[in-house]
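I have a structure I would like to understand better, so I am pasting it below and will then ask my questions one at a time.
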């Protein structure tokens, strides 16, 4: 368990790093597509966090095995009996399936966001002739200025 | 005493399944709308879906009034294994809000769409609208934290595209929609990470279960960080200052029916979730929930009330004025929520409902009279060409300004009273300042539509269609009615507030 | 699918190393200056992520991440990025510092809470010890499917999955609204440019004719097998869409649209979600709760069916039929939405190219 | 409902509300007769109603519950009556004056404005007062906006901002006071002084200071006065007439009701009487001169309220009403000039008496009244103020200041206005005489000035402390001392003016270097010796410029921040919306974690 104690801050740190980096990309890129990619990384990092919660040391994927099947016996051979007895279900230790389910949903949501976002980007490119955030801002600022000058 | 006490709107068999039908009906309607060959059938589908939802919401209100909170185990699995739909006084209040606004928007939608988009897009627009409606209803009804995230996305994903469809009138709709998408997604993801942290601490996703287990582990930084993430994520969605930047663009450029519905519901439901998480789920973690309310939300809400109102004064586009006023109103509501008393929360809920009605009326009527140019001047003298619509608009604007004998006045009055009773003079001052500023922009709008005559060339205005008028006047008349006799709505709000505050004594 | 030969602790180390690789790709992404590079890095990121997910005992998620992240997403990203400026100019440093500081502060804030988070791999942590474990214990009794992930996904939390399918449907509606104007009928569909040069190649077309049925078959296998191993309606839908996209790439979008018009695709997406919801309504009509699959079959009828092969001896035909039905709905919705999105994007890209050329 | 019941109902409501209720008719009125009726009828109606208050209204016990509060919509006493009378006069005269215009929005706004002001003086509780107060602010800004000129929008905005600031302060103050006192009813908070409810507020309570600040803005206390000069000249000719009557006078009423006897007011008032004089003398725009002179006149009233004796309060009330009439008359005359020539700059005008003889005559009467010439209204009212200050202990310096200010008034309003507009050197302009309705309004006002001045008895009967007024009339008013003082002042000022004109030192074409300022100073205030003159003038001018500059800059800054292209809404910060989310999140998480560990 000591190794796990050392690893814990490391893996969570990586997850949170991806979170911050994804946000940074999503907030500062000039290219709209890169923004979306950053957003995707950010969403995925949420998934990383959930999956980190799901791992059980020595566990296996949450597909139920018969306790006397060869695969289950191979798994059991790596662990001590007390551990299996305490944390196993019918003689096999599994990782927690619930975060997997949640993250399946989250991945789908990410893909949906990406599709809609890209569709909007395609329309922006057709309308504004650019997907550069700064250029679009400049165009809109100019339009606003034109309107105000028309008034004056 | 709930106004629904003793009422029964359907047979027990139907009522038993009302929580599921509430959500499944508009979902089905969305699919039917997408399948339907013509715009007319899509409209019927959306109208049907909205009406069934309203019916179910009424059934649930009666049921909750009769026998307390309703719990529905979807799939027959009891929580925490299965997903629970849970409706107490608070969620029923918001269900009613969403479904009433949904029905009104739906009634008006056909004629609004005809003015703005080519007919081939209508059925998909109706489908998208019904999906957003489904998502918002799901948000209010679900008792499961992760399920709330899913419905948050159901309501958002379609909405992004719907807002972007405003591009046929105003190309800024595209950039606004993109902005909305980025900020909305960040908000939703922060929310889901926050839920993940709470899950890491409690091991469960069911909100009620979560609340119990959180109460047992009262000083856990992970739980508090989770609440902070949820709060900030939802505050983004609720357009709380300074996280509101997506809202003016989205409101000013999106198609009318979308904006009318969003303005009346979307941010409100986020406020509901905020209340749910901070006052109910975090009820056991008193210092955390209260700390966030007192030190994060309350000051921001106070600033929002003033800054957004002043910003509204300086806007030149009609819808932007209204968008900033919405941000200010969210500020008022959150000030009420943070007051920490039943009276304050009641007033906040009451204000939220009346403001939803008012804003829906305003946006619907602006769309229905074919208000093309976005600038306020293009509305000059609209009162002569569209007297019926403009009369309703004027009533709503008066309500927004808080004129006596409108629901808006009563709501603000109660809110100010509640805040004063709690000794929050600074909040009273902030709301008073903001309301007075509101008089300026409301006065400008009123003056333009009623008294101005010079209108820029090319701006045409026509009376709304009968269906749209019916929807607009229904809401406008209710807002006046609640200004005179607010007891029904007020009792509902008080019941809702008491149910939350009771949960966190 | 764990690494059976390694010791549990080494397994954790290995997975941490893979996660380092994933994070490294994010660093590369931060620095990337070309859109194409970004997209390829994103694809590599998703693939590595999928590998990591395998080491984390999440084969279902890995499968989805590989097919969605590395496959479909990369494809639509490429489709949308074509003909846009490739090099990304960098932001002025003045605009950069506030976001950078904010993100750094957020990272620090999150890092501060690590001591209160469950230890990596701890079987006794609240998530693993409470509801997660309940699912593992209850599934044989309640559902009968060996793959607990599928059981939770389709049955315990079937309502979530209905929402997820709705999200996909909503994305399809959104994309069709935004980009669908031009791809109404096959005749109006533009000639696609992607692989036109090789469209006549006999090798490709023969290979495609062979491959497409096999891919479809695989999709149905994944769908049906979801109950027993990794896979399910969502992955099957993506694979099915891949087959259609392969068809489009080899024979041209125009041909594909003739075979499968946009209207049909749109209807299938709606029908998929509708089918899912219908299962729920059916359960209500049979006296159960919404999406209660046990109510789908009357007990009398179910007793006549052969017993489930799983340990425990419970009969779960209702659950199995329900899961299969909703997974089919998911597959239908996902496959059609993906196809619709593909239609919308390819239709657009070639149109704007044509406009640019003329 | 029988006729008696109907009548009883009509009489039992605050007369101001009836005026407001009649405002919609002004929007709908067609044709000349309907318009005159819609404009002039409501104030007359209000006058009739307020003369016959039901018993419970006069006793101040008409209290009703509203939204859980006890409020008193209508409460009348002698102090309310005299101010309301002034407002009714202003409404009638202003209504007649604006009959030639066809702007129904302005008509309605004017009526709401008048109604709200009347309602405010009859308000029996703080909440009603605050609401009516707000209503006057809104209606008046509508008037500024309605003038439709290029400058009117920004000017209206600035005006509105000040009014709103005042409103916010008032409402906060009212809330705090009401909560502290446990009641909003005036008569429950305050005490009676010789049968009149004055000095209501407890000066140690924090809410009182807020209310004082709010009233101070409206009254144009020094440093909060700039909105007056900013807004009045930017309204229409009719708007200025209407506006000059209500806002500041209402502020004086609230001061009298709530703060009578507050010593600080004496000094504030004294300063208020003096400093506008300098600006007024160097100002070229005659309407702005009138705005400055408003500051000055309000100063007299504020000072009197500060003294707070029955005589002083009589003086404040009397001067308020007299001021409404003669300042209205002057604004009317300037409005007529502006309408006919398009300018009110001293440098553009002159010699108008040839073609506008009646206007010139009425203007002279107004000027004489404001200068407090014996036998004119200003004399009758201001004398009471002067006497009360004179008899006050330790107020010698104040008395001297007021005396000096009186000379200043004479100089800039009494002489400068009519002289430069109608006489002076001939500008060559030959405008038409003002329309009949304007002349009628001016004539009526002039008649009132004369009537009050020549036979003050009827006017004194209306004052809050009737017995004190009667006594003063008999014993003090027309004493030699008073009349001599006034005439001396007059003589000095005329002499100075003539000398300067003769010496060519009063050149209207270059109003920036007016020497008479210096001359008057040396007479009235020997300390200000010659060498200081130029720098002092420079300072004054730069203060004025700085004031304008600051206002302009505040406006520009606000626009930079809040407008659609402003910093808060620009795209750059739109992104930072999400960045803010991250930053907030980081702060909250870090703080909560650190505080827990």
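Just so it is clear, A, B, C and D label the chains in written order, and each chain counts residues from 1 on its own.
Here is the rule we go by: a contact is a pair of C-beta atoms (placed from the backbone, for glycine too) under 8 Å apart; a residue touches a chain by one contact, two chains touch by 3 or more.
Model, not experiment: these values are computed from the prediction.
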Innermost chain, where centres are averages of C-alpha coordinates: B
More contacts between chains, B-D or C-D: B-D
Interchain centroid distance [CA atoms averaged], chain C/chain D, Å: 73
Whole-Å gap between the CA centroids of chain B and chain D: 45
Chain centre separation in whole Å, for chain C relative to chain B (CA means): 31
Between chain C and chain A, distance of the C-alpha-averaged centres to the nearest whole Å: 13
For chain B, residues that touch 2 or more chains besides their own: 146, 150, 153, 157, 160-161, 164, 182, 186, 199-200, 205, 221, 225, 316
Chain D, residues touching no fewer than two other chains: 564, 572, 575-576, 578-580, 582, 585, 588-589, 593
Overlap residues in chain C, where contacts from two or more other chains coincide: 95, 99, 103, 106, 109-110, 112-113, 117-118, 125, 127-128, 131-132, 135, 157, 160, 163-164, 167, 170-171, 174-175, 178
Parts of chain B lying in touch with chain A, wherever the complex brings them together: 146, 150, 153, 157, 160-161, 164, 167, 171-172, 174-175, 177-178, 181-182, 185-186, 188-189, 192-193, 196, 199-200, 205, 316, 375
Chain C contact footprint on chain A (complex, rising order): 1, 3-5, 7-25, 27-31, 33-34, 37-38, 40-41, 44, 47-48, 51-64, 66, 71, 74-75, 78-79, 83, 86-87, 89, 93-105, 107-116, 118-123, 125-126, 130-132, 134
Chain C to chain D touching residues, read off their complex: 95, 98-99, 101-103, 105-106, 108-110, 112-113
Complex contact set, residues of chain D against chain C: 572, 575-576, 579-580, 582-583, 585-590, 593-594
Contact footprint of chain C on chain B as seen in their complex: 17, 20-21, 24, 27-28, 30-32, 34-35, 72-77, 80-83, 120-121, 124-125, 127-128, 131, 134-135, 138, 144, 146-147, 150-151, 153-154, 157-158, 160-162, 164-165, 197, 199-205, 213, 220-222, 225
